[in-house]
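Chain naming follows the written order as A, B, C and D, and within any one chain the residues start at number 1.
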Amino acid sequence: MDRMEEACGVFGMFAPGQNLAQLTIFGLYALQHRGQESAGIAVSDGENVYVEKGMGLVSEVFPDLEKLGIGAGLAAIGHVRYPTSGLGRVENAQPLLVSYRYGSMAVAHNGNLVNAEELRLRLEKEGSIFQTTTDSELVTHLIARFGYKNLESSLKGVLPYLHGAYAFVFLTEKSLVGVRDPLGIRPLSVGQLNGSYILASESCAFDTIGAEMIRDVNPGEMVVINEEGLQSVQLLPSSRTALCIFEFIYFARPDSNINGRNIHLVRKELGRNLARENPAEADIVTGVPDSSLSAAAGFAEEAGLPYEMGLIKNRYIGRTFIQPRQEIRNLGVQLKLNPVQKVVDGKRVVVVDDSIVRGTTSRKLVSTFFRAGAIEVHLRISSPPVLSPCYYGIDTPTYEELIGSKRDIEEIRKEIGATSLGYLSKEGMLSAACLPEESLCMACFTGEYPV
Amino acid sequence: MDRMEEACGVFGMFAPGQNLAQLTIFGLYALQHRGQESAGIAVSDGENVYVEKGMGLVSEVFPDLEKLGIGAGLAAIGHVRYPTSGLGRVENAQPLLVSYRYGSMAVAHNGNLVNAEELRLRLEKEGSIFQTTTDSELVTHLIARFGYKNLESSLKGVLPYLHGAYAFVFLTEKSLVGVRDPLGIRPLSVGQLNGSYILASESCAFDTIGAEMIRDVNPGEMVVINEEGLQSVQLLPSSRTALCIFEFIYFARPDSNINGRNIHLVRKELGRNLARENPAEADIVTGVPDSSLSAAAGFAEEAGLPYEMGLIKNRYIGRTFIQPRQEIRNLGVQLKLNPVQKVVDGKRVVVVDDSIVRGTTSRKLVSTFFRAGAIEVHLRISSPPVLSPCYYGIDTPTYEELIGSKRDIEEIRKEIGATSLGYLSKEGMLSAACLPEESLCMACFTGEYPV
Amino acid sequence: MDRMEEACGVFGMFAPGQNLAQLTIFGLYALQHRGQESAGIAVSDGENVYVEKGMGLVSEVFPDLEKLGIGAGLAAIGHVRYPTSGLGRVENAQPLLVSYRYGSMAVAHNGNLVNAEELRLRLEKEGSIFQTTTDSELVTHLIARFGYKNLESSLKGVLPYLHGAYAFVFLTEKSLVGVRDPLGIRPLSVGQLNGSYILASESCAFDTIGAEMIRDVNPGEMVVINEEGLQSVQLLPSSRTALCIFEFIYFARPDSNINGRNIHLVRKELGRNLARENPAEADIVTGVPDSSLSAAAGFAEEAGLPYEMGLIKNRYIGRTFIQPRQEIRNLGVQLKLNPVQKVVDGKRVVVVDDSIVRGTTSRKLVSTFFRAGAIEVHLRISSPPVLSPCYYGIDTPTYEELIGSKRDIEEIRKEIGATSLGYLSKEGMLSAACLPEESLCMACFTGEYPV
Amino acid sequence: MDRMEEACGVFGMFAPGQNLAQLTIFGLYALQHRGQESAGIAVSDGENVYVEKGMGLVSEVFPDLEKLGIGAGLAAIGHVRYPTSGLGRVENAQPLLVSYRYGSMAVAHNGNLVNAEELRLRLEKEGSIFQTTTDSELVTHLIARFGYKNLESSLKGVLPYLHGAYAFVFLTEKSLVGVRDPLGIRPLSVGQLNGSYILASESCAFDTIGAEMIRDVNPGEMVVINEEGLQSVQLLPSSRTALCIFEFIYFARPDSNINGRNIHLVRKELGRNLARENPAEADIVTGVPDSSLSAAAGFAEEAGLPYEMGLIKNRYIGRTFIQPRQEIRNLGVQLKLNPVQKVVDGKRVVVVDDSIVRGTTSRKLVSTFFRAGAIEVHLRISSPPVLSPCYYGIDTPTYEELIGSKRDIEEIRKEIGATSLGYLSKEGMLSAACLPEESLCMACFTGEYPV
């Protein structure tokens, strides 16, 4: 995969008497783009907490909504996980459910603790055993060892030990708790439906179940939701925010809102700014489906060029499709993306994509357009060059593999074979997001890590 | 389903020594939008013909390309089938493979014979038995009874008995044959890859395997492909063409070409003409994914309005997803299509859709936009009102159920609840397709049936 | 497989208002030993006939009795099929359901028509097409061509054309019909439950659903069961019976009765006669599970020797278990049958088996006992040497492969490696079954074929 | 279920370079009768330990031996688990694999710790979390907290804390370890194959892979198997043995040996002693398949009565078969066990069974024989009355539910409806097993618990 890839999506809901298993699954359907490796839910009926999870898409793990082992309850959490290589074991599927001194606790996590290894070694020295390689298990160990009867009190003690990016949702027999790291690197929002509170990585999950978004969970904030309502505690001081900029560029669904701004509209603005900064003498503009279509439409509008479907994505080539052998591929089989010859033939084409990671996909993309008859291919990227890997839960290649880390733009253009290549500037990106630099994590573009 | 729905896609390839099973499956992946109920392939190794088929998507019927029972061969055909209610039996999956006096014959069909019942009764009177309810079985009976050793000769005798719309592909031990009805109602094209000939319902199947489109099979033409190459026989006289206009409007994939015209570009032109005929005082234009996006982009360009994603489709809600119960739906759960509130809130929105059949979907669509905050919803349809059912293989409701059959546009607008409603005129539609009226079947818009 | 293998089991029931789908499936569970390749049922609700079938065991084809597409009805038939090599296609699963001039007809068959090829060629010359390679399809063609409105009348015309062994059950919208060939080679019996009539290959199917056996269907008899009760017609003259002797020796379940005689008791008598004819100086007697346990118990009783479990069968090695590779087998892995060392070590062992076909299994068996410490292995076979292949639906090897066809007993003993070898005589076999020679088909032992 | 039910089977093998995954699976096939709920294996390649497990039979969890994710290695362990109600969660499937301070450790367990709850509470108080409800997880916590680098040293410290019945197999990166409780309640034996050592609950697992049994692991003994061979350490003093007597009566496979005695032969002797103690005036003797067939044969031989198959078990009614509804059962459907009417009709029948637990099954059994025509049913039990529940890992009902706990034999006979009822005496049982009372756990018969 030659993409920055999201690590996970989390969901939580406190709504006594509702069919929480089904509602949580619907929330996960809305968050499925954030992770397709495994899916799971945990539901509390007020007395016990139950978990159901497995490998695959939400629709594969929960094929029959009427046959769930668990149904109505008090509260529930859910999780979808992205397939990071090597760790795709069912044991790592979340939520993780443990029992400890004070009962049951389920937890789901989006993010990455940078000091996980260190914490794990310390716990192992003290005699802990580990059944998974997840940060979630680490956190449950710490909570259990802190030993307060009250999960909230334990979290107060545990959080200072966690360094990195995290958005956790916890479920106990009686309550739902959400926590976000003090820089707010990974997103987490609060929504409401008929008086019930909901937590989700993205606001599209609220829409899906008919709920409304209330606000983002603040960096360093813990929200505790139980029979008495929602209580907010600022667990850790937070001097700044450092939300992952890639949520705007690529991760989030176009219908989600972050910081009050709609993702589709931000991406369209990214495209407009890109057209202003890097115009092209061209005949048509086209985007790479699905993530770059908004930016391409923005580019086209700003440039006054026709916006066309130059590339069609086959919706039926699934996650588990195994590429045919070389002998078949040599025939020119292109199953997933098909260039539209009649659209691009004889044309000077602006192709808008969201980012270049290794560059291999971009090279194929450019040659695909040339083979389809394009006379010029102007590649425009709606973000700056990716210079540095991410340590906060996003699957990125090493410095060596990042095409942007050691080459200037002309060198990249040559490697990729485009007629021209233009990246959006940092400023153009920030102005589209309407956010000051100090409120975002842009480490992959700048090498300056907020933690 | 409140849509006109396509009945099938067919594919055929004659390429000795190639991995025909895999290539045929790739072709079916490209045609999957034409039918999702069942999929199947038949392969000849020169001596025998083998078939493999089943219910579900291509990826479900053929989960492991390396584990196909059948592989390299001389020629192959494939079929995807649309789920028409009540007949979704595995027995009806195609291709149908039969043995008869002169060996084996497999057949796949796209279309509908209007005199099927009459032919079946006549055959039954003569002692025939039927194991399926498909036209394909009828045709094999007729061929076997005609009794020429040569399939082509038998087809010459059989075709005059068939009335209706059809695009057949036949496979015998030694040859691949394609036939199209004398009005050319259903599409069928010829492609080429390294000297090998291919038949497919749509040109996107050629692109997918790296082949090039050569031409459409002519109405009434039979093409016979074997070791000696491609031989064309005009089996039936054809005074006119009557290609189904809905291929342009909705059925075909945007990257396919029909009559030398690209579908995406035709649809964009439909949108432009629609904007000229039915302009709207509005702030933004949005389309219903995926089929109306091209027309919406065309409308936006012509109207000089921003083209926005006002509606997001969840890619993970599959064909087999079972709707949640009413109690859950009442909460406002909307899994498949989500309006983007930030995009439409406070806006006068033009919504472009391809057609209105029963009207129930359009009513929901309009109210969805109003609930998301639109202050005006101007529904624009990129085709004329559907007045009459189709008898040529498209799943349409009866006259009673067609909202357009007995109401004028203002009545329809009221029922649907839109601020304004505009259909594209017949002339606007024809000019976008660049085709004269007499070369198309527009029976569903006009009630004038070509057969 | 080094066994004579049964081809099929059939079942039918006429019981308006009962849950016929479930009852038929229970009947098939009882007949499962007669065929494990595919299973299927057809049910009539008085208006239509529905079919459900698939590859695998009854429990695999019908995993959820509550989720059957078809339920209560008027009448039903069912079928289990044995996996004969090369033809294991789902298309050949039965019952076969066809529609023809006079409605629907489902049919299930146990047996083999010796003139099938000839009938098929004749039908093909007259323009028939074939979708399966089953005798059932042949028969439905003949019935449809005979053209009487009444199935019974058609059968009267069709039966004289059929040569070979057959037990057919037919289902129409309104009736259940059973037919047995004029020599009665394959079994078919009539049972009754609360006034409802049932047909089954073996009486154990009656027991399973709480029904009682009434009688065997006579050779050449047709029984028609409908709202008016059971009507018997002697369709074909029958001068003698020629029931397959292997039903007694190996095919039938020990709790079934044929010709009024219980199979377990007949087999025990086979063992007793075997002990009388071929005694052995030995310490213990053991049988090959499961088919030879009755005969072994009889041998032990007659010989006054202890009856022991010398060989244990692993119940969890299923039909689809794939043998491990040679490198693993070389380690001495023996998954399916395990000799009990403590039982046989240092002993002179009589091993009773039902038959020797190719001899390969027997050779392995004997060496297994020697490796487990037996000092002498006296192999005793509860039937005579198999000399000739079967043409009536039993899967047998060719003359060349039959170890008994060209060797005398001493030669066979040497090849197999047994200390001594004794077969039961034809007379001993007949006296155990209490039947005269002229009422049985013993072609595989004598080479004299009754048809 | 109205049976005493076994809890588990364990297997382990140290054989560098062998296909340990496959061999372990074969071992589990042989132990499948000890548990059908879940199956799993863990394999070490010398550097890492991998686990693969799931719900269902061995054949369901490992359907394709060629497609195992793990193959050749250094050592492996395996486990099959019995379905105890309520805890059938996949999380509880074994082996359990954990990582801790000194690497990886996998463990599989047969038995039950009577102080598990107490140990768990103590660990929770010290901050431990639990993801399963298994004793195996408890033990890994204790080992990790003991904190010796060497597993063997840690076990020395941990074992004194464990009270109850256990046979553990452990796997680390470099070694295989087996431990048995100081009373030897649950069985565990050592076998050898080409110089490699194997551990298994029953000797039939050795036979299956071609290995030889060497000896039982002694009560309180730990065997450590690694590159240097097998090392034995008597970890806990053991004054006596208390092997579960039910291994002889019912649990173990007839081809297994315990304490050097073959199970089939012991059971036959149980039957002989039963006939001596409780003779019956009868015509035939029959056993309940499969567990009571050996005892029935012994009874028949001693009594000089014919041994018959009076009851046939349907091999195709699987573990997951769901009983039909009452309305169907009322028809007399008897799927699993079918009495053989011709065998028992008009006869005085001795029915031999291994034990009576609740009595409900026995009542049905007796009435089944009477319905099939038996004129007298003499029920003979090859063990004494079950008076007390088991606390060492066997699923037994409470005192209240045990028919033997508060009734004398005549009362039980009346409840069950038998003509006569006879249990084997404790002395008769011990003499058959050739073991002194003080070497066995007979708590369920005597109420005297050895721990």
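Just so we're on the same page, a residue touches a chain if its C-beta (ideal position, glycine included) is under 8 Å from a C-beta of that chain, and two chains touch if they have at least 3 such contacts.
Given the structure is predicted, the values throughout are model-derived calculations rather than measurements.
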- prompt: Stepping chain to touching chain, what's the minimum from chain A to chain C?
  reply: 2
Chain located farthest away, centre of chain C as origin (C-alpha): A
Field: Cα-centroid distance, chain C relative to chain D, in whole angstrom
entry: 36
Field: Cα-centroid distance, chain B relative to chain C, in whole angstrom
entry: 49
Task: Measure off the straight-line distance from the CA centroid of chain B to the CA centroid of chain D, and report it in whole Å.
output: 60
- line: Contacts with two or more other chains occur in chain B at residues none
Statement: Within their complex, chain C touches chain B through residues 96-101, 124-125, 127-131, 137, 140-141, 144-147
Task: State the interface residues of chain B toward chain A in the complex, per the touch definition above.
output: 18-19, 22-23, 26, 29-30, 32-33, 57-59, 64-66, 193-194, 204, 207-211, 253-255, 257, 261-262, 264-265, 268, 290, 293-294, 297, 301, 306-309, 312, 314-318, 320-322, 324, 327-328, 331-335, 338-343
